[in-house]
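Consider the two complexes below, in which chain A is the common component and chain B and chain C are the respective partners.
Presenting the complex of A and B:
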């Protein structure tokens, strides 16, 4: 880290901002973002969830700096060391309490997935409690996964990289997006206690066959019958394909937030009312495919439709093929790129590989100094999958010198 | 003869992957637009017309562009199209080999 300061990498637009910040932190390369929503009339510059993400980065690192331009359309970020929830850096009792403001429109997975990518390279374990009026644990209309899917479809992937101990995601209080789409007052705690020097090189070439489907139907502040109706329909779609389907039902009351109304500060109101479904298909070789759907903030979707649509989404995700689904591919590919200087191979569906975020990720990784991917046709199977070879960069964990 | 065509496609993609003159959206469009499968219900013929129009009136689609730049871990699906696709027994049968319930002894028509 004591090398001569590098010129910041210039990137434009807010695309994949969180992921690019993570890459910057992992590689230690400063980065400068330009043209962040320059032409938007209503929301120019950085959005509330992006600011929150920057503050989260500041909380788990030491020495990070960010400078935001006057208009908010420019951002300079100089990464520091990833310290995690070490004592003396804002953590009390080993836990960082991190509050999300009510303006946040993205689900908590927007913060969880990138934070999990930092965690294996942290100096101390990461233990963050997400709380406050902005925590939405459900899926959101902006395409975020639910916290359940992060727990059941993203976190198990870390085991393939030899990162498996003491990892836990606790959903302490559920919440859907509130009627305006902003905030939800849920509560989620991420404990990521396994830090490594380098993630293992992986070869995921066999997607296997889907042997079981698990899911969580959740509802907050509405009748539990919504869960039963969603599960009924989802099973109706999935049962012909596999007999081993089990969907849990979780019913909770809606969280309260204190009123903003000054005249009556004691009045509390309910937020985050709604329901949703998270489905995860697991294959014989441990590949995971997930689907997520929740009620839109405006409501008006019957649970039957939602259950059915979520099941269709799961089938679609399985049909894309590959050993890793679209939602999990950025996590896996980033970990592979950060691994030791050895070739790892990953089988991806054509549709997954040729999706916009993955192409963007390939270019970002290269811009941050990782090696280019090799892409070739998969020789096994008839699905027309593609094998991506990723050579690790061998950056590893600065805080952990001894292997 | 099928495999040679596919082979060239993947190498095409590998070439375009790091070609900075093409935006990721262009790469997706170029690669998928070869008739492999229309990307979520966009017909090929009408798409090229729309594309030309968009090139001509560049300023007009500003709001759409804003939307496209936001990250979406779960893509936007057309659920009516999905419902149609997955209530078709043929499509379900084609997907069955991805499930453990598939009968491995019966040969699949490749």
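Presenting the complex of A and C:
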């Protein structure tokens, strides 16, 4: 750490801000963001969820600084050490209690997925409890996964990197997005207790065939028959494809939030009413494809439509091919780039590789000093998949190295 | 909500056929009135009911018979006004038996679902594999028969002449005792534990005498018997006097150490030469 301070990397716009901040923290390179929503008249600069994410980074790291410009359109971030939920750094009883404000429009997976990427490189286990009036556990219209999908489609992939012990994601209270799309008052706890020096090198070249489909239908504050109707319709689409389809149903009451108005402080109101569906297809080689859909904040979608659309979304995700779906690809590619100095190979669908987030990730990784990717056509299989070779950085867990 | 949906659907059907009906005969004025009424009700709100409605079903049936190509809907059954249309959404609710409890636990627990189910399923599959393999099964059967034969030879003297090949009652216990001794039990279960010392001496003396008699008789008749098993002297721990040295032999006011004693004191020799 006593080396000469590097000049901050200059990046522009708010695009993939969370992931860029994660890369900055993992590589230890300071980063400067410019032109964050400069032309927006109503929401100039950093959005509430981005500020929340910065605060979360500050909670799990030690010595990180961020300086936000006066207008909010510029941000300088100097990363610190990833300490996790070590005692003495804001954790009480080993748990960091993290409150999301009511203005948050993104689902809790916006915070969970990057935090999971930091967790293997942490010094101490990460144990964060997300509470507050801003936690939306369901999928959101902005494209966030539901917390269920994070648990069933993202976290199992860490096992391939040799990170499998003591990982838990507890959905303590469910919540959909509330009517305005902001906030939900759910509660989620992430326990990530497996820290490694370096993630293993992986070769995911065989996508296999989809052999089973599982899912969770959830509803908060509405009739459980909505779940049954979603499941019925989704099974109607999926059953002809795979015999082994089962969707579990989870019914919960709507969370309450205390009202803000001063005249009647005891009045509580319901938020986050709605329902949604999370589907995961598992192949014979352990590849996972997921789909997520929840009621829009305005409502007005019958559960049949939602179930059918979600099933189609899953089929679409499978049709893209590759050993990793689009939702999980950034996680897998980042872990590969942070692995040992060895060539890991990953088979991706052409559409997945050419999608904007993945291309953006490749550029970001290069900007942060990682090696470039090698891309070649997959020789096996009939469909035109692509094999991406990623060389790890070989630095790994700085906290582990010192300790 | 469900009945309302059903009702609206029904009205739509009627309003479709309504256009055709305007060109039809005028003598059905009563039913026409009813139709207008229904059309009004479908667009606005229900009118207060003042008269009994004539059955509309008739007309619709006639129409459909006239123009079959219009739709294949053949009307509601009679007295449909009284019947409440019910719509079942969850007709085939998936039964809980579809998935095992383990699966629920692995998928719906707080941990990310792993492939633990596969392991359990393969464990279950192993059992039939072992039975269908004929070579191993014949081997097992042969071993079983062999064991039965061995036992029969050893325990045949216990068998009742009347009974079958299995032991019963006291004989079963005796056979079991024999098997235990065969496997290495020191004494018989039936050996008496407590008895007067004189009696025990008498028993051992009698056993020795009987053995001597047997050996002598065999020698006289020229029969070669098994060798006498020598009872080994238990001299592993020598008794030493109190305060005496624990090693060597004290002889003539001098402690003599044998080569073995010296070697034991010195311990294993280490060959460690460090030439510099």
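Heads up, the rule we're going with is that the second predicted complex is superposed on the first by the 401 of 403 C-alpha atoms of A that agree within 3 Å, B and C clash if a C-alpha of one lies under 4 Å from a C-alpha of the other, contacts with A are read in each partner's own complex, and residues count from 1 in each chain.
By definition in this document, a residue touches a chain if its C-beta (ideal position, glycine included) is under 8 Å from a C-beta of that chain, and two chains touch if they have at least 3 such contacts.
If you're wondering where the values come from, they're calculated on a predicted model, not measured in any experiment.
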*After the match on chain A, would you call chain B and chain C a fit or a clash?*
fit
*Which of chain B and chain C A:123 touches, first, second, both or neither*: neither
*Is A:347 touching the first partner chain B, the second partner chain C, both, or neither of them?*
neither
*Can A:29 be said to touch chain B (first), chain C (second), both, or neither?*
neither
*Please indicate which partner A:40 is in contact with in the superposed arrangement: first for chain B, second for chain C, both, or neither.*
first
*Check whether A:363 is in contact with chain B, with chain C, with both or with neither, and answer first, second, both or neither.*
first
_Just checking: does A:167 make contact with chain B only, chain C only, both, or neither of them? Give me first, second, both or neither._
second
*Name the chain, either chain B or chain C, that contacts more residues of chain A.*
B
*Report for A:316: first if it touches chain B alone, second if chain C alone, otherwise both or neither.*
first
*Could you tell me how near the closest CA atoms of chain B and chain C get once both structures are overlaid on the shared chain, in Å?*
15
*asked:* On chain A, which stretch or stretches are contacted by chain B in one complex as well as by chain C in the other?
replied: none
*Along chain A, where are the residues that touch chain C in the complex?*
151-152, 155-156, 158-159, 164, 167-171, 214, 216, 225, 228-229, 231-232, 235, 246-248, 250, 286
*Along chain A, where are the residues that touch chain B in the complex?*
13-19, 37, 39-40, 109-110, 113, 139, 142-145, 207, 209-211, 237, 240-243, 283-284, 291-292, 308-309, 311-313, 315-316, 318-319, 321, 326-327, 350-351, 353-357, 359-360, 362-363, 366, 372-377, 382, 384, 386
*Contact footprint of chain A on chain B as seen in their complex*: 3, 6-7, 10-11, 13-14, 17-18, 20, 24-25, 27-28, 31-32, 36-37, 62, 66, 69-77, 79, 82-83, 85-86, 92, 95-102, 108, 110
*For the chain C and chain A complex, residues of the former touching the latter*: 89-94, 98-99, 103-104, 107-108, 110-115
